[in-house]
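Some structures are shown below for you to check.
Both complexes shown next keep chain A, but they swap its partner, so chain B is in the first and chain C is in the second.
Entry: the complex of A and B
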């Protein structure tokens, strides 16, 4: 059991490192996500300018930009394996659960990089009051974890289907609405001086549920 | 025994199939097949195109579930599930692809690391050395010729000296030296393990000490 656990950990770590190296060399997903985020922000900024104290709109806009940047890029984690015909190689070196976990960790890091660029740019271009950094970071982190978990699972499920590009967005959006709602409410609450406990609880429960379902499903997803 | 297999765990290996068959939708991929083979040795798997040679190798590797029938693979008397088998066999087939953005060495090091081999870099280097690809270790996969990519597949199959080697047309795209490498690798493996070699090449067929012949019209007959 101990050897099996350490082998799985080694596989997860190897997959994570491979994903990071591949993305760094191709920058395929990174360029797409950053281009979308920066273009969206620039466009809205030119159109409406700083939004001042409209924290309700600011909250919604921030998460719409992050959501669509995620949808534009997080599906590639598995689609790339199918289109590059490397899924056979992956299945021969790691268990489906290790593959799923490795991809999930990569997607989390990927989202963190996107947000490291997007969020400061958003705060700079769109104006608005300074965030309550502790609560803001909490909602951002939990929302990102929930987003990454859901997108990774959907990507794994639809990767071997035809029309997976369109299917990913269509299958993801209904699942991501609770994340969007809780994240927007929490972000707005911290700007308006309120607490974010309820929204944080929802995001934690959602992420835990999706993660649990993922662990149950991964072993069955690529069985031919 | 060759130095390459000196570190391999010597354990008996048996494969027993009963009525093993697979369908791809309406199309028959493998007709019902029963056999029993054991290590050490080389099993040559022959048959016309579409008779199910590749399908059978994928089932043995644990990559494909049989539609009907059963397959038991036991390492040292202990039966191993398909999921566990995938991580223990050496598998090389024309469909096996590598990551284009990584070099030959990086692909194998990744595979060795994911499989939990003690020294992934050394394991990758040793595998590349065995197939004569060490000089091109740092080249990206697209920079390798089709023959070199075939050698890379063979190197991948040899990672960690697995007790069961599944080779699907290992000599395709290979020159004389490459074919000699395949023969040498198969001979070394047969000393302590089992090789199942799917081929229609007479030279490779002769490497087999046992033979399974799939007899069907071929070309993936419909129902």
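Entry: the complex of A and C
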């Protein structure tokens, strides 16, 4: 049991390294996603202008931009395998759960890179008051984990369908609405000097629930 | 056949009684009667979603196509009742709150259910191959199941809602409900639920016949 656990941890690590390496080789996924995130940020910023102390709108806009960036890019990890016809080989060398977990970790790193560029730029362009960094980062991190967990599972499903891109956004949104609601409320609360405990616990519970269900469901993903 | 006729008579009679026999609640006025359509439709929406998700999980466990038929049929009927509940609620909101839509937590949750149903059916239509369609949509359904309690029960309790009594009247409010209103309401609840089961059995029987026909055509070819 211990041996299988350690070998699957090694498999997850190997998948993650493989993902990072093949992404770094071309970087087209990352470049496209960054460009998309900055474009949607510029679109939002241009459309509404600097918002100053309208923190209620700011927190909504921030998560809309992050949601768009996630919906545009997080299906990439699975779709790339289908389009490159490499999934069969991958399935030969690793269990579905290891593949799913490896891709989830990769998506988390991917999202973190996008946010590292987008969030500072957002704060700069939209002219909001400085956030309470600790609480802001807490909501941001937990929201991203929940976002990545839900998106990775849905992307594994939609990679095997027709019309993947459009379907990914549509099929992910129902799973992302609880994340969006809690993350927006939490971001708003920290700006207005409130606590974020309730929102943080919703996000943790949700991420844990999606993650747990993912572990059960990855086994059923590929059988043909 | 007789049961179906009785069901139609049952719903029609209670619908009429809801207008002529049951009184109206003072503040709500004539809008009281939305109770007899809106809540049963919302109840069937939740019931259909739960049924669809249970059948999806059963499909993943047992791999029998009948479970997939039930999951798909319940989702198709669910979206129908969900639209009825949404529209009747929205009309009522216009009459009582002055606006058709204002993202009250209850409105958010019904919209969320509508999204799940729509995404589930869109996913089904985008997968080739019967077995793969059944498997992938069952996985999606099981994943969406996780999100349901969060939006249905947690979010509306954390954030204030104007919506009267969550989902079903609480015991406190039941005491204040006029017995005639309660009778019509419960009768309509029974009627809507029976209507759902009847339509579900029609839809799944149709799917079974359709599959048998396709199998026979495949065997003959």
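Here is the rule we go by: the second predicted complex is superposed on the first by the 221 of 224 C-alpha atoms of A that agree within 3 Å, B and C clash if a C-alpha of one lies under 4 Å from a C-alpha of the other, contacts with A are read in each partner's own complex, and residues count from 1 in each chain.
Following the convention adopted for this analysis, a contact is a pair of C-beta atoms (placed from the backbone, for glycine too) under 8 Å apart; a residue touches a chain by one contact, two chains touch by 3 or more.
Just so it is clear, the structure is predicted and the values come from calculations on it, not from any experiment.
Look at chain A after the overlay: chain B and chain C fit there side by side.
In the superposed model, A:21 lies in contact with chain B only, and not with chain C. With both structures placed on the common chain, the touch criterion links A:175 to chain C but leaves chain B unconnected. Legend: residue contacts after superposition of the two complexes on their common chain; A:213 is shown touching chain C, with no touch to chain B. By the document's definition of touching, of the two partners only chain B reaches A:86; chain C does not.
By the touch criterion stated above, A:195 is placed in contact with neither chain B nor chain C.
Here the smallest spacing between CA atoms of chain B and those of chain C, following superposition, is 5 Å. Taken together, the two complexes place residues 223-224 of chain A in contact with chain B and also with chain C.
By the touch criterion given at the top, residues 60, 108, 112, 115-116, 118-119, 122-123, 126-129, 131-132, 135-136, 138-140, 142-147, 150-151, 154-155, 158-159 of chain C touch chain A in their complex. Of all residues in chain B, only 58, 61, 63-65, 83, 86-87, 89, 91, 93, 95-102, 106-107, 110-111, 113-116, 120, 156 touch chain A in the complex they form.
Those residues of chain A that touch chain C in the shared complex are 150, 153-154, 157-158, 160-163, 167, 170-171, 173-175, 177-178, 181, 185, 198, 202, 205-206, 209-210, 213-214, 216-217, 220-221, 223-224. In the complex of the two chains, the chain A residues touching chain B come out as 6-7, 10-11, 13-15, 17-18, 21-22, 25-26, 84-86, 88-89, 91-95, 98, 219, 223-224.
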